[in-house]
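What follows is a pair of complexes built around chain A, which joins chain B in one and chain C in the other.
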Partner chain A sequence: MLDLAKTRWHPIAAGYDLPLRHVFHGQLLGREFAVWRADDGYVNIWENRCLHRGVRLSIGINDGRELKCQYHGWRYSNRTAGCTYIPAHPADAPARTITNRTFAAVERYGLVWSAEEPQGEVPEIPGLAEGELLALRGIPVNAPADVVAARLKGYRFQPNAALDGKDAKVAVEASNDFTVALRAVEGGAATLAAFFVQPVDSNRSVIRGVLDGKVEGAARLAVLRHHNELLSALRVAVEAEAAHKPAPAPLEPVIERVSPELAEMPEETKHGRKATIRVQVARKWPAADGIAGFELRPIKGLLPTFQPGAHIDVHLPNGLIRQYSITNGPGESDSYVIGVKLERDSKGGSTCLHETVREGDVLAISEPRNNFPLRRDAVQTLFIAGGIGITPLLAMAQALKNQSLAHELHYFAQNEAQLAFPEKTSTLGASLKPHLGLSPDQTGAMLREILSGYGPDKHVYLCGPGPMLEAARHIAAEMGWPETAVHFEYFKNTNVIDDSTSFEVALARSCMTLTVPAGKTILEVMRDAGIDMPSSCEQGACGTCLATVIEGEPDHQDVYLNDAERKSGTKIMTCVSRAKSARLVLDL
Partner chain B sequence: MSIAALCSDRVLLNDWHVVADLTNLSAAEPFQTRLLGVDITIHCRGRYNKEVVRNDTGALVNSTKRYGFLWACLGTPERDIVFVPEAEEGDRYLVTGGSIAVKVSGLRAVENFLDMGHFPFVHTGWLGDEPHTEVAPYKVELTAADELVATECKFYQPVASPTAKEGFIVDYVYKVIRPYTVALYKSNPVHKARLDVITLFVQPVDEDNCVAHPFLCYLKDGVDQAGIRNFMQLIFAQDKPILENQVPRRLPLDPRAETPIRADAVAVLYRRWLRDKSVTYGAIPARM
Partner chain C sequence: MITLYDYELSGNCYKLRLLMGMLGVEWKTVPVDFYPGREHKSDWFLKINPLGQLPVIDDDGLVLRDAQAILVYLASKYDASGTWYPRDNPALLGEISQWLAFADGITGTASAARLHDALFYDFDVEAARAGAHRLFRILDEHLWFGEQEGRNWICSASQPTIADIACFPYIMLSEEGGIPRQDYPAIRRWCDRVKRLKGFSVMSGVFPAGPAKAA
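Here is the complex of A and B:
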């Protein structure tokens, strides 16, 4: 019985139980759900516990895009239920695999349906037309679902148009363990009523009734009252019957264990430069002068959870691999939107996307990686974007806006036509501060103005062309910004890479010593030795292939690490950097 | 009351547990409570003499008074009640913080007491405030006395104590003394070099229920006893609804039951320490 019940679709709520920004506490076969509708209309049905400490998510906060746990403020994304932010560690990106258990959701007959292991479809009731229905108030009953369903077959009621009558003939049109469809006829009046019995637990049910035909105003209230009285009487009778039998033991749904890698302090998952996700270009449009916007939708399933600052590798039809930041705001999880600037000196990446890739094309992309995580514990956050550097900062600004955290987005561009994604930036209101057509000197003066007044708990995020980033970092340092408060992301590494040295790399945890010859990178040598190391841009800009140095002196050639990190000598980007000492020991 | 599972953990049966705040006991009426699943009744025989009796067998239970509480041991006491040295210092108020019943395993209540990450979200405006949410790395160790100690804990707090007038970074030390006993030491806002101490004695009512009995040793300067008790109850009242929404109610010791982060280092060690001590009452044992 239970196995069968698990495969069936059951109603767990009425549509009106999910008003704006509400979280509904549902239950099916002993398992609790947190049910919430995001502002984009998507209905989320999740296991009702935060993965961190088991606190019910039904007491959490639905901000329209994400669900926030009340205990430690962990945020989970609409649709994917992936964790996007852990406030206790604001500088880190949460492990991608922290994802809550989700259950299927279908809206039908004014009810929200789910199933533990769904097979087939939501029950089809002939004669019930979608949209022309009246959903009755759910009636909870302390009795097993099959007992309730059996009783419902004898339910007697009047058609909507003949409520005052007493002699309606009621016939059973269809029935099974959880569903009873009845038709009441009196004179010319007829009403079809479908009752779905939600098995809440072994000895608890909810009767969810739906009537055909729309009834409005006072007549609607009269119909609701009619059924409320009759169903309440039925409830009393069923509970009296059930009380004679021994109550079945409550169901104990199995709570799945988290993955082994989450059981200990989370480490970065290991994956190479793989493009496991297939997306379709759902829309391509001019996002600004010289910038193409691409909306990428999954071919099947859901896209992985992303965090603001994350980028994806896009594998292009011409074999090139390029990195693009995800511009989406929080909870916008049905597609990724990226912006691609046509580079004058394109080596084929941006040209291919601008000229060759069209709407409908399928592309391979990597999972999102976040090497540019956004802290949300600042009293004020400044974003400084130059040109296409807007893309990661746009995602960040939308996240802070959604949480009502103080921020300013300074957007430098040549002219108004070059300001990308106006439909997104316009939602930021007064926090968006465009700076148009400034010369390098004027830009420097403006940066000085923006970066004056450093105070504790202020953070700045920079993304833009190399020279502008250099200037901004320099000015920030002059103005007293500590390096820990200055976060940046370069588009590319313009340093000339010197790969003429040869040295030894010892991998402490793998117990391996490798020789890196001139002309090869540490990353390549490790890959050759069978070590699976994640990487993305492979030019020292994105931060994916970061490794910890235990011993030896790194020869930094990247643009990802800041000066303090370089000087500490404890981190290295394995795709471009090398060793000044004869030997490096890495924590790998 | 429903039938509760009985305890078979010797380390708990043969230890002392608080069963009542003495100020809650009245000579006029026996006091009913439950310890480790056993229903007990406290009778006041005269002004100073208290008797604890098992409801099931009518047998007398070992009991004694200390720190303003009545203590009971269902088995044979193997060690003395936890010693609180600060209770001997004359310039402190010794205040019981009210006995707060919480529908959750006492082990969950102890873990919550060890947790800084929830301050901005549960104790908003008092012990924390968004966006100051970071839990900086701290040290955890198991001492020679078999206690768990977390040191170098720091957290920004807007109103850290009854006397605090402004927000400041508060230094904490946490100590897990016994499975159901935990203490915290936090910097006093007036005497910055000295520490106020709160020891939380958790009464394991049964596996899914507890009563938290806070014992506060606060420096007298600038505070009164009512203020201290008020503050403690305000804070605990904020924790209670969150604790009562933890699923499952018992503390899972399986490392894969929940998702720890670095901020939870002390909780990770606490769960491991309970496993090593074979404490199962109030816990869901780890799967092998």
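Here is the complex of A and C:
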């Protein structure tokens, strides 16, 4: 009985229960739900517990894009329920395993439907036309659903157009354990009423009624009150009956552990760069002069949760792999939007995207990776973008804007036509500060102005062309910004890589010692030996293939690590960096 | 300056802190150790309120007891807008008084259950919980039809009144007495609206709401 009930669709709320910025407390077959509608209209039905301390998310805050737990402020994204931010770990991107359990949601007949293990469709009631309905007030009843449904077969009511009458003939048109459809007829007036009994728990139900035909104004209120009165009386009778019987034990829902696919290590492949997701180019448009915008929608299912600053690998039809930052604001989880600048000296990546890839094309992409995480505990955050460097910073600025956290986005470009994604930047209001057509000297002066006045708990995030980043980092250091407050992301590594050395790498946890010859990278040698290692840009810019150094002196050739990290000698980018010592011991 | 004889965990004291905060009235607090000190039954306090109950205010020598009575006084004296207790609208005053009495009923049930669970009072907790559910069903139905009629608050005014303030605290704290509000979705939505009022403040066990969507 319970197993069957779990496969059926049941209403768990009415449409009016989900106003914007509210979290509804639902329950089905003993399992509690936090139900909330995002500002984009999407209905989220989630397990009602924060993955951190188990506090009910139904007391959380729906900010229109994310749900925030009241207890320690963990934030979960619209659609995916993936955690996007943990205030106690402001410098880290949450692990992908922190994803709450979600349940199917369908809106039909003015009600919101769900099922634990849905099979088939939401029940079809002939005569109920979508949009031409009146949803009644839901009536909670302390009695089992089948008892309530049985009692509803004897429910007597008047048709909408004959409320004052007393003699309506009421016939059962259809019924099962959870549904009763009745038609009341008096004279020429007839009304079809469908009652869906939501099994909240073994001894609790909600009667959710829907009438055919729209009624307006005072008549509508009269109809609602007519049924509310009759159903309340029915509730009293059912509860009195149920009170005579021993109450069945409450259902005990199984709280699932993290799904196996999330909990397991990603599967090993020879090729270290995995593109497990297929997306379709839903839209391609000129996002600015020389910049193409791409909206990538999943072929099936939902896209994984992203955090501001995250990037994806895009596998291009010509075999190249390129990294692009996700520009989306929080909760915009139905597609990823990226911006691609046509590079004059393109090696084929941006040319391919600009000239070959069209709307409707299918591309392979990797899961989003965040090596450029955004802290949200700063008293003020500065974003400094040069040209296409706007993309990760745009996602970050939207996240801070959504939480009303102080920030400024300084956007350097040649001219107004080169400012990308105006439809997104315009939502930032006064925090957007464009700086147009400045010479390198003028840019330096402006950076000095922006970076003057360092104070504790201020952070700056930089992304742009190499020379501008170098200048900004230099000025920040001069102005007293500590390295821990200066975060940056390079597009590419323009260092000339010296791969002429040969050395030994010991992998402490794998119990292997490998020799890295001249001309090969640590990453390549490890992969040849069957060691799987994630990577993305493979040129020392993105931070994905970072390893911890236990012993030995690294020869840093990347642009990901900052000076303090380099000096500490405890981290290495295995795709480009090498060893100055004869031997390196890595924690792998 | 108003002096409030206050206990931080008391919902009845919270009613006054809420309204004074929303009205922008300043006050100073005299903490009374209700639990475990039972200071509200001490000799010095019984001289102020022979009933031995919180809250009490002293406004320049005027000493008043009873949360609902004090709400009436504060709104009448300090609400320049005149919306919290509209003295020139008899029908509305009748409605407000009706719901102030209802709020007393909530105190007698939901607050009693909370005192039993949290402060170990010897009350019939099952009866208290059943009584609270009976009242919550009535209020949920009232608020649901209010929403259908375009009304956001307990009384039929376009602005909140002291009836909303009087009912809010012990509804929000009901779970501390083992009374879930899951079956009262219209009450839950109304709680969001109260929390979004300008000048709203929290107490232990009452969480803030996020902002409403900007129009």
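Convention: the second predicted complex is superposed on the first by the 574 of 588 C-alpha atoms of A that agree within 3 Å, B and C clash if a C-alpha of one lies under 4 Å from a C-alpha of the other, contacts with A are read in each partner's own complex, and residues count from 1 in each chain.
By definition in this document, a residue touches a chain if its C-beta (ideal position, glycine included) is under 8 Å from a C-beta of that chain, and two chains touch if they have at least 3 such contacts.
On a predicted model such as this, the values are computed, not experimentally measured, just so you know.
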Superposition-derived comparison: chain B or chain C, residues of chain A touched: B
Touched partner set for A:Arg49, first chain B, second chain C, both or neither: first
Partner chain(s) touched by A:Pro298 [first = chain B, second = chain C, both, neither]: neither
Touched partner set for A:His89, first chain B, second chain C, both or neither: first
Touching partner for A:Phe24 - first (chain B), second (chain C), both, neither: second
First, second, both or neither for A:Asn62, with chain B first and chain C second: second
Partner chain(s) touched by A:Gly213 [first = chain B, second = chain C, both, neither]: neither
Partner chain(s) touched by A:Pro253 [first = chain B, second = chain C, both, neither]: neither
Chain B versus chain C as contact partner of A:Gly348, first or second or both or neither: neither
Which superposed partner A:Arg225 touches (first chain B, second chain C, both, neither): second
Residues on chain A lying within both footprints (that of chain B and that of chain C): 59, 70
In the complex, chain B residues that touch chain A: 116-118, 120-122, 130-135, 241-242, 245-248, 252, 254-263, 265, 268
For the chain C and chain A complex, residues of the former touching the latter: 141, 144-145, 147-149, 181-183, 185, 188-189, 192, 207-213
Complex contacts: residues of chain A adjacent to chain B: 32, 48-49, 51-56, 59, 69-73, 86-91, 98, 255, 257-260, 262-266, 375-379, 405, 457
Residues of chain A touching chain C in the complex: 13, 16-17, 19-22, 24-25, 27, 39, 59, 61-64, 68, 70, 137-138, 140, 206, 220-221, 224-225, 228, 232
